[in-house]
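Supplied in structure tokens, the structure appears directly below.
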Amino acid sequence: MEDNVKKIMHVMRRAPHGSIYTYEGLEMILIMAAYEQDLSIAFIGDGVYALKKNQDTEGISMKGFAKTFMALDGYDVEKLYVDRVSLEERGLTEDDLLVDVELLDSVEIGRRMTEQDVVIHH
Amino acid sequence: MEDNVKKIMHVMRRAPHGSIYTYEGLEMILIMAAYEQDLSIAFIGDGVYALKKNQDTEGISMKGFAKTFMALDGYDVEKLYVDRVSLEERGLTEDDLLVDVELLDSVEIGRRMTEQDVVIHH
Amino acid sequence: MLHTINTSPFESPAMEECIRFVQQGDPVLFIENGVYAVQNGNRFTDAIAALQKTSPVYALQPDLDARGISIVAPGVKGIGYDGFVDLVEAHQVNSWL
Amino acid sequence: MLHTINTSPFESPAMEECIRFVQQGDPVLFIENGVYAVQNGNRFTDAIAALQKTSPVYALQPDLDARGISIVAPGVKGIGYDGFVDLVEAHQVNSWL
Amino acid sequence: MSHRFLATILNSDKVKIGILLKEGPYNHQAADTAYKFAEAAIKKGHTVDAVFLYNDGVINATNLTDPPQDDRNIADRWSKMAKEHGVEILACIAASKRRGITDDIMIDGGSITGLGTLTDIAIRNDRLLTFGD
Amino acid sequence: MSHRFLATILNSDKVKIGILLKEGPYNHQAADTAYKFAEAAIKKGHTVDAVFLYNDGVINATNLTDPPQDDRNIADRWSKMAKEHGVEILACIAASKRRGITDDIMIDGGSITGLGTLTDIAIRNDRLLTFGD
């Protein structure tokens, strides 16, 4: 019985750096990862920009955090879903992304959303 | 010489109640009105909703402020411009608005914007 | 799963995105500035009609009242905070901030 | 008059609205998340080209760098904070928040 | 176990709810909607276990706000809800440090804690609702 | 008058700038962009007269923030700019009351004032720039 294992999906919906939501969302995910829940992350809309390669935040004097997404694997957070439409609409492909993700159609992401106990948008 | 009279335009761009920007914008306008500057207010995008008739905020336990727009006249703030496209796109007409406004095309509002010394979006 | 939308469809893509992901039968509740989506006769009226073919659509009545929206798109049901609670009792929640 | 846009065109109508009101010859500067508008090859590339027929278009280079945008739409000029200051020296400012 | 069984009988249709609040008071309606929802849930006999404040939401927890007399007092409302209904009002420590929320200015009934607590809240409740912008 | 004439000769292409900042620190980039802009303007010899904090912008003025060591300290930056370059850092009193910003927790070099001061800033400067979300 996995009584205390909950399915928790984090949904990244905002572009990085313009606001803190993605970064503080990532901080939340890193803590939750220690609790051995069934975590997943979906990147939808401008949320896909969080995974863009070659982000260099030095000029805006902010800490970059794109590389932290690469460390998620080490925390056993391996379910990263990217919404295909959001990516294409932004003129990006999987090659533009820092990490390996599952590129999924909205129907499939929607199906996985419905299975969750908790969904948190950032 | 009107050395110290500046043309200041306030631009209302957000729907009321979901955030405080319109309300605090209005507070700013009321103070500025006392300084005898050349003030105007443009309502663009969701900003036009601020002027909608029959707003009753009792159920959300917030102070309503729609009627304060009706008082602007008494502060000699008489230049209220509403963007025609924004109003029509929202299925509204002048009859839906609390106060008398000038319904203008974007080109004309743009022209008046360009004449300003200061433009503040709320 | 209950989906809530709290931003104006004129100012945010949240409604559009939510509609792409919502599963058949899942209820959708508009709150805060989200209720502008269901004001009858604006350019989202067709989208709301299409959504209702597969999902029941609700709007928070106190938020409608606060914004002076008296006529909602056909089929949309106004509910109070207690109705919101009933939906949450029946469903997990997905808030499209 | 210098117009600045600081929100992503995918998430906000600010750019679309600004373009409707901007007067011929007035410069437009994209900053913060606004710079996503000028990433080459996305669905706003045509709109940026059309805008440039009447207005010079700039993007804040540090914001482009921060977001990993290396190729901007043709004709868009990347500038630093000092270039931003120069534009402000030359123009009144209209920030489309 | 028997307590749980009893609770099941008496509250068969009741749920335990956690709330995640991501925006500060007054600036966005989120704090108002979260409060009105929590109030209605409690009135219907559901349990509101905790309100976890994150992002700018931590600003709900300062006792220094002083809104106009004729306006609602958001901080006081949370404080009262904590005391009268046992709702935990919890501000994330990392988010609080960024916004200048400290123990010294914490509302009665509120406290500062870590994100681990939010995880516990997500695990132990039937629902986790998010309010924000 | 002669002083003004001299200033005109020496700074013929220089402008006096007021800044209106409408969002809090860290949560939105506005506070960063405003700062970087002000820094660049000062370096070029322009005058940054004042930064007026409005809406959630007033949260820039609390001295209680404690960001991570490896991150920028937004409150300190404003404080230093006030002291080193005479930039007035002003928080609107009505907006401050709603967010719990008081004289007791005000950063060095910052102060609380009314919207009339913003009007003065708009009148006495060549430019008023707004940063927000």
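Think of it as A, B, C, D, E and F in the order they're written, each chain with its own count starting at 1.
Just so we're on the same page, contacts are C-beta pairs under 8 Å (C-beta built on N, C-alpha and C of every residue); 3 or more make two chains touch, one makes a residue touch a chain.
Not measured: the values here are computed from a predicted model.
A.B. asks: According to the touch definition, list the chains common to the neighbour sets of subunit A and subunit C.
C.D. replies: D, E
A.B. asks: So which one's got more C-beta contacts, B-C or A-F?
C.D. replies: When A-F is set beside B-C, the one with more contacts is B-C.
A.B. asks: For the copies subunit E and subunit F, give the interface type as same if over half of its residue numbers appear on both sides, and as different if under half do.
C.D. replies: same
A.B. asks: Distance between subunit B and subunit E based on Cα centroids, please, to the nearest Å.
C.D. replies: The computed centroid separation for subunit B versus subunit E comes out at 35 Å.
A.B. asks: Could you work out how far the Cα centre of subunit D sits from that of subunit E, in whole Å?
C.D. replies: 40
A.B. asks: Please compute the C-alpha centroid of subunit E, do the same for subunit F, then give the distance between them in whole Å.
C.D. replies: 33
A.B. asks: List, in ascending order, every residue of subunit F touching at least 2 other chains.
C.D. replies: Those would be 22, 26-27, 29, 33, 36, 55, 94, 98, 128, 130, 132-133.
A.B. asks: Where does subunit B touch two or more other chains at once, residue-wise?
C.D. replies: In subunit B, residues 17-20, 45, 60, 62, 117-118, 121 touch at least two other chains, as defined above.
A.B. asks: If you look at subunit D, which of its residues touch at least two other chains?
C.D. replies: 6-7, 10-11, 13, 32-33, 62, 80, 92-93, 95, 97
A.B. asks: By the document's touch rule, what are all the touching chain pairs in this structure?
C.D. replies: The list of touching pairs comes to A-C, A-D, A-E, A-F, B-C, B-D, B-E, B-F, C-D, C-E, D-F, E-F.
A.B. asks: Please output the residues of subunit C touching subunit B within their complex, sorted ascending.
C.D. replies: 6-8, 10-11, 32-33, 36, 39-43, 45, 61-63, 65-70, 80
A.B. asks: Under the touch definition given earlier, write down the residues of subunit F that touch subunit A in their complex.
C.D. replies: The contact residues of subunit F facing subunit A are 26-29, 32-33, 36, 70-72, 133.
A.B. asks: Hey, which residues of subunit C end up touching subunit A in the complex?
C.D. replies: 1, 13-14, 17, 20-23, 26, 92-97
A.B. asks: What does subunit B use to touch subunit F in their complex?
C.D. replies: 4, 6, 8, 20-21, 24, 27-28, 31-32, 34-35, 37, 117-118, 120-121
A.B. asks: Where on subunit B does subunit E make contact in their complex?
C.D. replies: 17-20, 60-63
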